[in-house]
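By letter and in written order, the chains are A, B, C and D; residue numbering begins at 1 in each of them.
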Amino acid sequence: MKIAVKLFARARDLAGTESMTVDIPAEGTVASLRGAMREVCPALAPLTPHLFVAINAQYAGDTVTIRPSDEVACFPPVSGG
Amino acid sequence: MKIAVKLFARARDLAGTESMTVDIPAEGTVASLRGAMREVCPALAPLTPHLFVAINAQYAGDTVTIRPSDEVACFPPVSGG
Amino acid sequence: MIRLTNDPIDYAALTESVRSNQSGAVVLFLGTVREMTGGRQTVALDYECYPAMAEAKMQELLDEMRTRWPVDKAAIEHRLGHLELGDISVAAAVSCPHRVQAFEAGRWLIDELKVRVPIWKKENWSDGTTEWVHPGVPPA
Amino acid sequence: MIRLTNDPIDYAALTESVRSNQSGAVVLFLGTVREMTGGRQTVALDYECYPAMAEAKMQELLDEMRTRWPVDKAAIEHRLGHLELGDISVAAAVSCPHRVQAFEAGRWLIDELKVRVPIWKKENWSDGTTEWVHPGVPPA
């Protein structure tokens, strides 16, 4: 299934886009999303170990399953305040 | 020497005056001031163990000597804020 | 900046007075007149002070605070006289480079103000009685 | 009250929104744009966020705070976009019955905001370079 991933801050700058589309298996997990992103966008490599994934506005660990309707985002550590 | 003692809050209310005058020996200490106040104003008795003495706007212990020109005040525990 | 006043406290002006490009953190504390205390209802408070000593002690607190934390700017204002429910009795503002310093310094400042500065409040209870508040002293 | 805004933060309005007759203590924290960081000079910051998640996380913080302290009212406002030196980037206000609670809750709130809420700042250094701030990540 095709998943649109919103990108923010340095992740967006490195990828050169606010949203990238990756293809993962049905019932794919956050881990498979991370793998697909690495393949589609090697420019994100320096950030890879630091990226967070959020599903429907909640932080999601690698074992969380992604559904086609989910809103998915990926970003480096936050620095608000 | 005669010393005017400013009074505040419940001490003033119990004494019924904003300033009482007490007579203490030359070179008298805060301890002698406390004794003289007890004699002059028995109404202060309930507060006696709790009263602070300030000399020239600084808290003063019982051994501090009072000079004729000092500004002397006496008051119960503070509750600002 | 230190101030004793009979007028309502303008805490925004106080806060502006401590802002600085050198500081990333400002902490403001407001003490306000609370209705309920230990199950009793307050209708108003009256504050009085020993003015010269209160100002000297507040300045001493600001000076001492600077020996403990890297305070950029600080200000205290305390209101006197008759205060209604919700009124602001005290405002203390501190700016520091970083937030942990500002929180620690601000808390220390108001904690110490409450034990050192000669200001007293009188409760006006809803039953019509009044009572000076003197911590550690049994009620009259 | 939670708000993300591109406009200057009106922290007095925010503070008024948390005042209450049931609370004796209000703590306000302001984060402001500091000029010097680790010997480097900032001329401006740019903030961006993931809006839906940032609002959800800020609400989660307010809810969780109430399980830890007896918070009466609380509010957070975070500014986005281009901020100059001294500008306020975030304001958080908390009211509680007593001051220790208000200081602890206020400090927890801003500490947690800085690690959980998806907002990012980009440094505009005085040497003309820019740099996203991502704690724990080596500079690009």
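Rule of thumb we're sticking to: a residue touches a chain if its C-beta (ideal position, glycine included) is under 8 Å from a C-beta of that chain, and two chains touch if they have at least 3 such contacts.
All of these numbers come straight from a predicted model, not from anything done at the bench.
Chains that count as touching both chain B and chain C, per the definition above, do not exist in this structure. With centres defined as mean CA coordinates, chain B is found 73 Å away from chain A. The mean-CA centres of chain C and chain D are about 24 angstrom from one another, to the nearest whole unit.
Between chain A and chain C the centroid-to-centroid distance comes to 49 Å (mean Cα coordinates, whole Å). Residue positions of chain A touching 2 or more other chains, listed in rising order: 81. Counting partner chains per residue, chain C shows two or more touched chains at residues 31, 99, 110. By the document's touch criterion, interfaces exist between A-D, B-C, C-D.
Residue ranges of chain C in contact with chain D, taken from their complex: 11-12, 15, 19-36, 85-86, 95, 97, 99-100, 102-103, 106-107, 110. If you check the complex, the residues on chain B that touch chain C are 6, 8-10, 13-14, 46-47, 50, 54, 57-58, 71, 73, 75-81.
If you check the complex, the residues on chain D that touch chain A are 31, 47-50, 52-54, 56-57, 78, 89-90, 110, 113-122, 132-138, 140.
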